[in-house]
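Next up: the structures, one after another.
In the two complexes that follow, chain A is the common piece, with chain B as its partner first and chain C second.
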Partner chain A sequence: MINSVAQRPSRPQGRPRYKGKAPYVFLSPYVVLTAVFFAVPFFNAIMLAFYETNGPRSRAFVGLANFVFLFRDSTFRRALLNTTVFALVSVFLQLPLSMALALLLNAGAARVKGFFRLVFFSPNLVGQVLVGILFSVLFTPRYGLVNRGFQLVLHWGLETRWLSDPRFIMPAIVLASLWLWVGFNMIYFLAALQTVDKTLQEAARIDGANPWQIFWHVTLPSMRHVVVFVVIMSVIGSYQLFELPLTLLSESYGFGANDAGLTLITYLNYRAFRAGDLGLGSAVGWVVAVIIFFISLIQIRLGRVAEED
Partner chain B sequence: MRFANNFPYGRAPFWLLVIAVVSVIVRVATAHRPEARPDLVMVTHTEAQFDAYRKAIPRFEREHGVKVQLQFANWASLQARLQNAILADTEVPDLSEVLEGALGFFTRGPIEDFGLLDLTDRLHADGLDQRLVQSRLSVWSARGRVYALPHDVHPVMLAYRRDLVEALGIDVSKLDTWDKFVEVGRQVSRDLNGDGIVDRYMLDMRYDGNWTLQILMFQQGGQLFDQQGDVAFATEETAQLIRWYIEQVRGPHRIGYECGWGQPVVKAMTDGLVLFQWAPDWRSWVLANEAPDLAGKMALMPMPAWTPGGRRTSTWGGTGLMIMKQTRHPELAWQLAKYLYFDTADLGERFRATNILPALRDAWKLPEFDAPFPYYSNQRIGRMYADLAPETPPVYSSPVDEAARTGLDRAFNRSAAYYAQHGEAGLLDAIRANLAEAAEDVRRLAGREKILAKGKP
Partner chain C sequence: MNILQMLLLALFVVYVGFRLLGRRRVASRFARWTLLTLGAVVVLAPFAWLLSAVFKDRSVLNEYIFLPPVGLWSEKTLNLNNFRELFKARPSLTGPVYFWEYVLNSTVYATCTTVFQIFFCSLGGYALAKYEFRGKKALTLFMLGSMMIPGVLLLAPLYKMVVDLGLVDSLAGLIIPGMVGTYGIFLFRQACLAVPNEMIDAARLDGCGEFGIYLRLVMPLVRPMAAAFCLVCFLGNWNAFFVPNVFLHSQDKLTLPVVLNLYLGEFRQDQGVFLAGTTLAMIPPAVLFFALQKEFISGLTSGAVKG
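Here is the complex of A and B:
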């Protein structure tokens, strides 16, 4: 014991150790603000999930009833399914498209690269609400640009009701989100591609690897940190999808026919703020937080396994 | 500077402290004192009503020696702001207009927690309950008490392209039942150029049910909730209606096409893609303003009835004026509400500006309600709406009102999906099952309300 104390590294010299209340006074604004705007609401939200409320005036303790209600509610299950489908589409359709665009741009001339980078990223500048409104016009049956385009090219789709036929609502949300997010994720991939060691790619090429093999065995592993980051952020963003379906399907509060466009956060918003049931809304929030936490954990683990391999 | 150098924790903390102190002093010194709150604050959500009230309020202010502040807010943001203010227990206006369906939110939980003034006794004491269209009080009632004044009646008619309908040889006076309407509709809903796409439909009908289905359900006598607030839409009549509706919008001989909202409706009517359009009083004005090129080519007719001699109208929408319990001047607020809604001196002019039929029956005697309206081929549309108004069905409110509307749509869309897969076989049973399931979902939500109100009247 004496030995271990003796071996403890000493405090770095030269930095004075303040005594008294002053450091705490300087820290107090941060601590107070964090407590008021983070800790108190955080614990309040935990408590709220166990109550049914009607504003601040009345509340009734319901124990786990909010959670039981949720898992028995077919609408909530539908929201969970829709959101998961959207998250899968994000990972397996949106991100490969972003990667493909990034690869194309990376291979292009520098001047062209800058222009197209702006073009593909620009939808993200206008935000989800504007994109939702824009696409609700584009998807107008018979007169909308999307419908006219499909009719011209495929001789199909003039009367397709993208926003009122349950079969087409999720594809419509996916199409709008692709336009919005593909360019955004492309920027990350493009930045990562520019850090890949060119000599490794060159060596693989000399060894006879084809472009696909170079991409799969050299390029992609070299940018795996960025890929894991983008995948995690995309999944988290997908589970928080809200404004886009809400504006696209504004007439049905973002539900869509047969709940085909309903997402978890839209469901939360509806229950908490339109129906006034803050307790149930809080319970939905916690379920979403837990889902995101575990999915992120799995993705981080998978990323580490890939790194070790 | 020397002081900064001598500050015991270094120069950076010193300057941070200086910035913090100066910021606080500047903020306090430049803070504006809030203006004194006027005696009454009222919010409305339509521009036409805002203009009308703005003209009318100065006389009220003079007569009562008070100050009234009138505010305008988009209906969606007004409702969200009011709801959030009530949830957060912050300041609300004294009076506010809201749309039909909104009352449910404000009448959750125990009655003593409602943020609204109970107007029942006041209405009765002033004899107003007898002068209003009775069915409209249902829209603004909860647990047997009235919590808002009805602004309007909103009887529904059909607006149609008179020029095209006459050219097709259709006599609208003979379209007095839905059977006859559908029969004619099947003849005129056709592909005119042989490209496989139907170019002319009889009626604008939502593909997913929604408000069109609700209009028809109310006309039939159906309800989302009964007078006691119990779920009431899972009935045999509604099941039959859904089967009929699916036929009209999804069947091989469909007559209904969804035009959408705003400009697509104008385009569809202008192109003759759709001949008939839903026209409650407020929408007759919207159509006239959004599609001015159709002036003189349009006309109105009562809705066809479900049975010969049956109800020829329904209702769609509505505005009500709530008085908040927080108001410091409840009696003054009541006087203002009565003045704006029931002073016949202004109601004629207001009808001329909006086409909206007031809920006060006395007002319909005013000359403005007999004036010909050039847009609708000089029909006396005020009189037409007023004649239908007493037939307007009641619509009962509930805290889970929106859930019921969503549930009805869900039942419809699941049934339509069944129809797409299996056709007519077993459709009615599927509709009944879908309605029962939707009703059960709404009942479970309503059950949560009872937990909140447990042990309270």
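Here is the complex of A and C:
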């Protein structure tokens, strides 16, 4: 083994190379399916954004007109704004909550931990559509569980029209999304917390750091990889929010009063598959893709800067 | 002041009491478990509400938050009317449709996609992990790049492709494009890297064919990953809405999430019916999750925490 490594550094395993066709055969299902259902649609997606279409069969080249239309369309700008607000809330409200739960849970005994982890994760089994359907009833004025719960604890909100008053539509979407996703991100933070070096935290404690300082200066930096990963995933997820508002606001196809619940993908779905302009839908898809790409890029950069410190 | 507020206040008083007595450790422990328990109650309350709502008669649905007091339990307050209504035949353009047809559609769609995904992804992941071949680097790069493209962008052209292939409005049109995924291939590649090369070489010397090595040696070793992936994949397809909602048109071909979304409007005056359907749709994922819970959590986080 050692000899062969020295003689042939290009093949570190130092074992006879398999020369048959097997890997090509094994990968052929992926290659064929990806070519047909990913590569071709991808190149069509590039093209389609420059066409005006009416259903899947008729099309006319319009150049950049789709993009010009989008940025002049106040409904689209509203969707962009709503989606960005939702993404910010996810990062600055949902993730801190997930982290708090993970920290609370991390100190517990293994069996208790397993139970709470299961409970907090359980809404994810259900999926956005069923959560949306369930919460569309829970938000009923006077009778809904959410309204009654707020009334019991805070003496407020029994008559709040969560899903028809434009001021409360976004908060309602956020509440439902918190119920759905806080536990999901908690799983990642919990797994990362278990890899943090306990001796570092102990050393900081002996040096007189308070729990908050230990968390901010020791624990969080040592799990920054996972934090960056989770932030990127939840921003990407937020920009693709669609099914939750669609089912919560099913009467208006997810738009909500004054478009208060309209997201980019709801807009895409409406333009492409209800109004039948696949070209305009593709253009919206490109805008979402570019936004996601740049946000991921910025976050990976920030993650690297944090690493160098 | 009601009971709930009094309880919250009492918990707070106990916490402050421990602090004042100088028992800081006990106080923080008490606070920790109290907060976790309250959180769990908030998470479980909607499920409890749903489970009691589907058995309540529509006349008392809004009268009680959860179940009526035990003394009032009777056929008039608690019954199976919601489920009876749900399973009744409903007229459509293609003739009467039963709720169990949607259950069947969802089951076929989620199961077929999951089985194909596990087979094709493990095969591809194994090839990437354990073979050197021309074009491997290029393929890996392409796969990494393709994961950056959000699925929504492809939906409109994919729809066009499925129409052109004549697969629109059929379960096949949902299953075939979803039979393989880059994410799954990477997961299996990661798991296959841990299989010792010596074992593969030994099997090859003993005259085992390449497919035999994959099937009899590698697959049993990566079973935990396969279990985790099975759950992720099944959940994703069982709950999928966007693609089935666009690709399926005929009433009798729809899947559960699509139908339940339609029922939201159809049964606006009789919410118990679509809530009953929602409850039934939650059962298969829950059963699968309890069966595969351990593998699932470790599989879900393995990519993130190691990387």
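Here is the rule we use: the second predicted complex is superposed on the first by the 275 of 309 C-alpha atoms of A that agree within 3 Å, B and C clash if a C-alpha of one lies under 4 Å from a C-alpha of the other, contacts with A are read in each partner's own complex, and residues count from 1 in each chain.
Please note the rule applied: a contact is a pair of C-beta atoms (placed from the backbone, for glycine too) under 8 Å apart; a residue touches a chain by one contact, two chains touch by 3 or more.
Keep in mind that what you see is a predicted model, and the values were worked out from it rather than measured.
Student: Under the superposition described at the top, does placing chain B and chain C together on chain A give a clash or a fit?
Tutor: clash
Student: Quick check on the superposed pair: does A:S122 touch chain B, chain C, both, or neither? Answer first, second, both or neither.
Tutor: In the superposition, A:S122 touches chain C alone.
Student: Thinking of the overlay built on chain A, is A:N44 touched by chain B (first), by chain C (second), by both, or by neither?
Tutor: second
Student: Does the superposition put A:N258 against chain B (first), chain C (second), both, or neither?
Tutor: first
Student: For A:A60, using the defined touch cut-off, is the partner it touches chain B, chain C, both, or neither? Pick first, second, both or neither.
Tutor: first
Student: Per the contact definition in the header, classify A:A22: touching chain B only (first), chain C only (second), both, or neither.
Tutor: Touch partners of A:A22: chain B and chain C.
Student: Name the contact category of A:L278: first (chain B only), second (chain C only), both, or neither.
Tutor: Both partners.
Student: Examine A:Y143 and indicate which partner it touches, taking first as chain B and second as chain C; both and neither are also allowed.
Tutor: The answer is both, since A:Y143 touches chain B and chain C.
Student: For the overlaid complexes, name the partner, chain B or chain C, with more touching residues on chain A.
Tutor: Touching more residues of chain A than the other partner does is C.
Student: One more residue to check, A:W179. First (chain B), second (chain C), both or neither?
Tutor: Second partner only.
Student: Just checking: does A:E52 make contact with chain B only, chain C only, both, or neither of them? Give me first, second, both or neither.
Tutor: first
Student: Residues on chain A in contact with chain B in one complex and with chain C in the other?
Tutor: The answer is residues 18, 22, 26, 56, 140, 142-143, 251, 273, 278 of chain A.
Student: In the complex of these two chains, what residues of chain B are touching chain A?
Tutor: 8-9, 13, 16, 80, 83-84, 86-89, 105, 108-110, 113, 115, 197, 206-210, 258, 260-261, 264, 267-268, 273, 399-400, 402-403, 406, 409-410, 413-414, 417, 437, 441, 444-445, 448, 451-452, 454
Student: Which positions of chain C touch chain A when the two form their complex?
Tutor: For chain C paired with chain A, touching residues are 2, 4-5, 8, 32, 35-36, 39-40, 42-47, 49-50, 53, 61-62, 65, 120-121, 123-124, 126-128, 131-133, 136, 139, 146, 148-161, 163-164, 176-177, 179-180, 182, 185, 197, 201, 204, 210-211, 214, 235, 238-239, 241-242, 246, 257, 260-261, 264-265, 271, 274-275, 278, 281-282, 285-286, 289, 293, 297, 300-301, 304-305, 307.
Student: Can you tell me which positions in chain A touch chain B when the two form their complex?
Tutor: Checking each residue of chain A against chain B gives 18, 22, 26, 52-60, 62, 65, 69, 72-75, 140-143, 158-159, 161, 164-166, 251-253, 255, 257-259, 270, 273-278, 280.
Student: Can you list the residues on chain A that touch chain C in the complex?
Tutor: On the chain A side, the touching residues are 11, 13, 15-18, 20, 22-24, 26-27, 29-31, 33-34, 36-38, 40-42, 44-45, 48, 56, 101, 104-105, 107-108, 116-130, 133-138, 140, 142-143, 145, 148-149, 152-153, 179, 183, 187-188, 191-192, 195, 225-226, 229-230, 236, 239-240, 242-243, 246-247, 250-251, 265, 268-269, 272-273, 278-279, 281-282, 285-286, 288-289, 292-293, 296.
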